[in-house]
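Listed next: structures, encoded as C-alpha cells.
Note that chain A is present in both complexes that follow, paired respectively with chain B and with chain C.
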Partner chain A sequence: MTAVAPALSPSVDALRAAFGSAVLRAAVSCGDSIVWVAADRAHEILAWLKNTPGQTFNYLTDVTAVDYRDPDRPLEVSYQLRSLSRKADLRVKIPLDKAQPLAVDSVVDLWRGADWLEREVFDMFGVTFTGHPDLRRILMWDTYAEGHPLRKDFPLRGNFTRAEQTRQALAANPEAHYSMEELSIADAFNELPEDMKRRLLDGQRGELR
Partner chain B sequence: MGLTLPPDGEVTEVPAVSPNWLTTRLDFLVNWGRANSLWPMPFGTACCAIEFMATAAGRFDISRFGMERMSFSPRQADVLICAGRLPFKLAPIIRRVWDQMPQPKWAISMGACASTGGIFDTYAMVQGIDTIIPVDVYVPGCPPRPEGLMYGIMLLQKKIKGETMADPSLRQELLVNEQGFFVPPEKIDEISEPFGNSVHQTRSA
Partner chain C sequence: MSTRTVEMALATPGLDERGRPSRLPLSIGQPGDDDMGAEHMLVNIGPQHPATHGVLRLVLELEGETVKRCIPHIGYLHSGFEKLGEYRHYNQIVPLTDRTDYLSPMANNVCLALAAEKLMGIEITERCQVLRVIACEMSRIISHLVWLGTTGIDLGAFTPFLWSFYQRERIYNLQEAWTGARLTTSLTRIGGMMADVPDGWEAGLRDFTATFTRTLDEVDTMFTRNSIWCGRTQGVGVLTAEEAINFSLSGPMLRASGVDYDVRKDRPYLGYETYDFDVPVGEHGDIYDRYRVRLEEMYQSNRILEQALDRLARLKGAPLNTDDHRVILPPKGRAMSDMEAMIHHFKQVMEGIPAPAGEAYLGVENPKGELGYYFVADGTAKPVRWRIRPPSFINLACLPKLCEGALLSDVIAINASVDIVMGEIDR
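Now for the complex of A and B:
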C-alpha cells in the first residue's frame, strides 16, 4: 500500500495568485497546510482569507508563537484558522527576524477573539501587536520585570534571584489585575470600596519599591 | 523602686504569666477546645485540593476532627491549608489571606509543591510557601493521600495541645520587614537552591 502524500490546501494556490511574493513558502506537516507570509502584508492576507468568498476562514482557533532554539532562525507568529462553513483549516505563520523589533499588525479588528490570544503572545514572547486595543500582560502581573518567559534566551528559573522574585511578587497589588473595561463589564466597579476605586482610577497597578 | 527605663537593648522581657497549676489547667482546657474545633481556610490551587476535598468528604471526613466547617472567609478561620502549588502571582493573595486571619492561627503546607515548589522549579513558582507565610506542619506527597493530610492535622493538634499561655510569643504575629519578608532574603535564596532532577539547570544556563 503506498502512502498518499497529503495535498496542500487549495487556499495556498489562491493566496499565491493574489499576493505573489508575499507568500514566502508553504508546506504540509502532519496533514496540516502551513503557509509562511511576509510580516508587512500579513494583516492584508489574513483579512483576505477571512473575507474572500471561497476562503471564509471565519474562525480564529489560536494565535501563538514559536521561538526556536537556533538563534538565527526567526521567531514565528502562528495563526490557526478554520472555516466553519467549509470545515477547512489553514495555518498561517509570520517569520520575524529576532534582530529587529518584533512587531506584527493586530488582527483584533478581524477576529475579536484575538484580543487575549495576542496579549498572551505579547506577554510570553514580547511580540508587539500594532493596533491592539489593550496590549497588556495577561498571565504575568503588570509589574513583572524579568522579560518574556517563553523566549529561548529566558532562563528557566527567571532572571532574578528567588528573593528578588518573591519581593517583587509580594509588592504587586493583587486588586489591580483588571482593566477598567473588564471591571465595567462585570459592573463591579460601583461596589468596590472607596480606596480601591481611587487606586484603580489612578491606574495604580502595584509598585516596585 | 527604680522606675526609670534602662538604656535600649538592656530590657529583658519577663513572661507575663509563669506556668503554675492554674495556668496549666487553663492551658489544657483552652488547647483542648482549640485543637478540636479547627476551622480550616482551604487555599486549594491544584491536585492537592482534590485530595483535600476527598479528606473532607464522607469516607475520610475531617469533621471527626472538629473541622467540618470550611471557613471560606479567612476572618473566621483557624488553620490555613495551602493545598497545591503557589505561583508568584498568588503570593500577595495568600499573604493577605494570612494577614486577615485572626490569632490564634496555624498553617499547613500540603504537598510537595506548597512545601518546596516540587517539580515546578521555574520562574513562575514560589519555592515553598514558608517564604511567604510561617508554616506549622508540612505534609509531603504528590499529592498526599487523605491519610497523610489527616496525619498532618493530628500533628497540628498535638502541637496545639503543647502550647501555653505562659509563652505569649506563640501568638505574636510574625511581622515582615520593610522589604516584605519575614525571613531574610539570603534564606529564601538558600532554601530555593536547585535539588532533585533539576541540579543540572543553573541560573546562567
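Now for the complex of A and C:
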C-alpha cells in the first residue's frame, strides 16, 4: 500500500518480443500490470505465459469480464494470472468489439479452474468461449430469457416486467429441472409419456404453455 | 399430462386400476441377474438438504453405490450483488459483502475496504491495520468452527458441534459488542473503520484467546486418532498438488494438497509479514488433511490474535481513521455545529467518494480461500465493475472430479470438506 513507483511487469516485454503486434498495449493501474492482447491469438499467448520457463503463470486466479458505461468501448474479458513460484501477477485483457459476436477461445484445456469461471462470464455477459466442454448458464437457469445480467444494457430490475417475471415463475415447466443428459442416466427418458418426450426432443424445455 | 413432473414420471410408469400412481419395482434386473453394475441410477440431492450446506443441488449418476458422475447445480441464492455494486457508492457496497460469505462477514468487509483503498491510493493507520487483522482472524476462527461442527455432524460426530458452536458464540458476542450486529457487521469504511472497539473489549478477546485452544485440544483428542473419523476421511476426495493448482483452488483446499500458498505470506497485506505465525500444509490432499490444516489454522489464528492484542495495547489512543478528508467524514460533533463540516458531511454522503479512473485487484486470505475484489473505476463515485473472486465457487468447481468413483456416503464427506457457503457461490 506504499506509494512505490509502479513498474510494468517484465513479462510484458517478453510478450512483445514473442508476439509482436498481437500485444495491443500495456499499462499499470494501482500497481497491477495489465496487458491487452488480440482475441484471435489470446489462447496462444495464455498458453505461452503458462508454459514458458521464466514466466510460469501456472495459477489462474480469476476470469471475468468488464462492460464499460461508454457503449462504444469494447467489452473486455480479463484473466488474472499468478505465478506461484515467482510470486508475480499479470492481468491479461482481451477487448471484444460489441458490434461483432462476442467470442474468445476457451482456456479450460490449460486450466481446469476456468471451467466454471468461463461459464459465469458466458452467463453474465454472453461471451462465447469456443472449445469449452460444457458451456451452459451457471448462476441463472437454463431457460432464463431476459439476457445477460451484467451487461450495461441490462437494467437493474431485469428486462421483463415484474408481472411477466411472476407469470413465468408460476408457469415454469417442471421438466426443466433435469437436462436431457441427466434423464439419460436412469434411462428415465424412455419411461416418460409420449407428449413429454416429444416436447423434450423438440427442445421445448421450460417453454410456457 | 403436461402437469406431471419428471420426479413423478421417474417413480410412476403409470396408474394402477384404482387410479393411484403405481410404483416402479425396486430392482429392474432379471431374477438371478446379480450384475447390479448394469443399472445406472439417478439420485438428486438438494437443493433443500442439510448435508449440502446450503441450497446446492447435486445430480448423481450411481452404479451400485459408486458415483459415476456428479453434476452440481448452483444459482438458487443468486442475488446479483455484483450488479447491485455498480449502482452504489464504494462505502455502500460494504453491506453487500456481509451477505456474500455470511460465515465470515468481517473478513469480507476488510477485503472490500482494502481493495477500494488500493484503487484510491489511501493509506490507513497502524491501529486500523491491527484492528482489521483482529477482525480477519476472528472471522477465520468462527468460519472454521462452523466447518468443524457441521462436518462432524455430517460424519456422525455430534458433540464437537456443540463445543465448536459454544466457542463460536463467544466470538459472536465480541463481534456484536464491537459492531452492533452478529451477522451484518459492515465493519469497515474506506480509510478506516465504522467503529472503534468499546472500552474493555480487549479483555474479552484476551479471555477468549487464553481459553479457546482447550476446545481445539479436545476436538483433536476426539477426531485426530479416531478410527471412524480416519476411516471416513483418509484417502477420500484426494487431489494432488498439480490438480489443485490446475483447478485454481485456494485456501485450506489448496494447502491440504501440499501447495504452500497463503496470501498472507505470499502477498502480504495489513502488515501480516510482521506477525509470527505458521502456515500448515498437508501432504495427501484428502479430507483428513483438510481437517488437519483447518484445525491448525485456528491455533495459528489464535496466535495472531494474541500478538495483535499486544500491539493494540501499545497503540492505545492512536488515531483509528486516516486523516485523508476526501474519504473520512468530519467528527459528528463538528458536523452538528460547524457549517463547513456539515456541508462536507452532506456532500460526502450524498455524492460518494469518486475514485480515479483505473482498476485494482486485491486478494486476501479468507477462511474459505483467496477472496479477491476487482474494481474498475471511471472517475465517478460508483464502480464500473465490482467483481468478487469467490473462493467457495472456485473450490466447488472441482467437486465432480473429487466425487468421481467415490461412494455415495463419501459425497457428503467430500462436499463438507470443500467448506462452501452458498451466499458467496451464488452471489
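Assume the second predicted complex is superposed on the first by the 167 of 209 C-alpha atoms of A that agree within 3 Å, B and C clash if a C-alpha of one lies under 4 Å from a C-alpha of the other, contacts with A are read in each partner's own complex, and residues count from 1 in each chain.
Please note the rule applied: contacts are C-beta pairs under 8 Å (C-beta built on N, C-alpha and C of every residue); 3 or more make two chains touch, one makes a residue touch a chain.
As the structure is a computational prediction, the values presented were derived from the model and not from experiment.
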item	value
Partner chain(s) touched by A:Leu170 [first = chain B, second = chain C, both, neither]	first
More chain A residues in contact - chain B or chain C	C
Touched partner set for A:Glu146, first chain B, second chain C, both or neither	first
Touching partner for A:Asp105 - first (chain B), second (chain C), both, neither	neither
Which superposed partner A:Leu156 touches (first chain B, second chain C, both, neither)	both
Partner chain(s) touched by A:Glu118 [first = chain B, second = chain C, both, neither]	neither
Chain B versus chain C as contact partner of A:Gln80, first or second or both or neither	second
Partner chain in contact with A:Tyr59 - chain B first, chain C second, else both or neither	second
Touching partner for A:Glu191 - first (chain B), second (chain C), both, neither	second
Chain B and chain C footprints on chain A, overlapping residues	140-141, 149, 154, 156, 173-174, 209
Touching residues on chain C, where the partner in the complex is chain A	1-2, 4-7, 9-10, 13, 40-42, 59, 61, 69, 71, 74-75, 78, 80, 82-84, 87, 117-119, 121, 123-124, 243, 245-249, 259, 261, 266-267, 269, 358-361, 363, 370, 372, 374, 376, 378, 384-385, 387, 389, 393-394, 396-398, 401, 426-427
Residues of chain A touching chain B in the complex	140-141, 146, 149, 154-158, 161-174, 209
Residue ranges of chain A in contact with chain C within the complex	1-3, 29-32, 34, 58-62, 64, 66-69, 78, 80, 84, 87, 89, 91, 111-117, 120, 124, 137-141, 149-150, 154, 156, 173-175, 177-178, 181-183, 185-188, 191-193, 195-196, 199, 209
In the complex with chain A, residue positions of chain B that touch it	88-89, 91-93, 95-96, 121-124, 126-127, 131-132, 179-181, 185-186, 188-189, 192, 201, 203-205
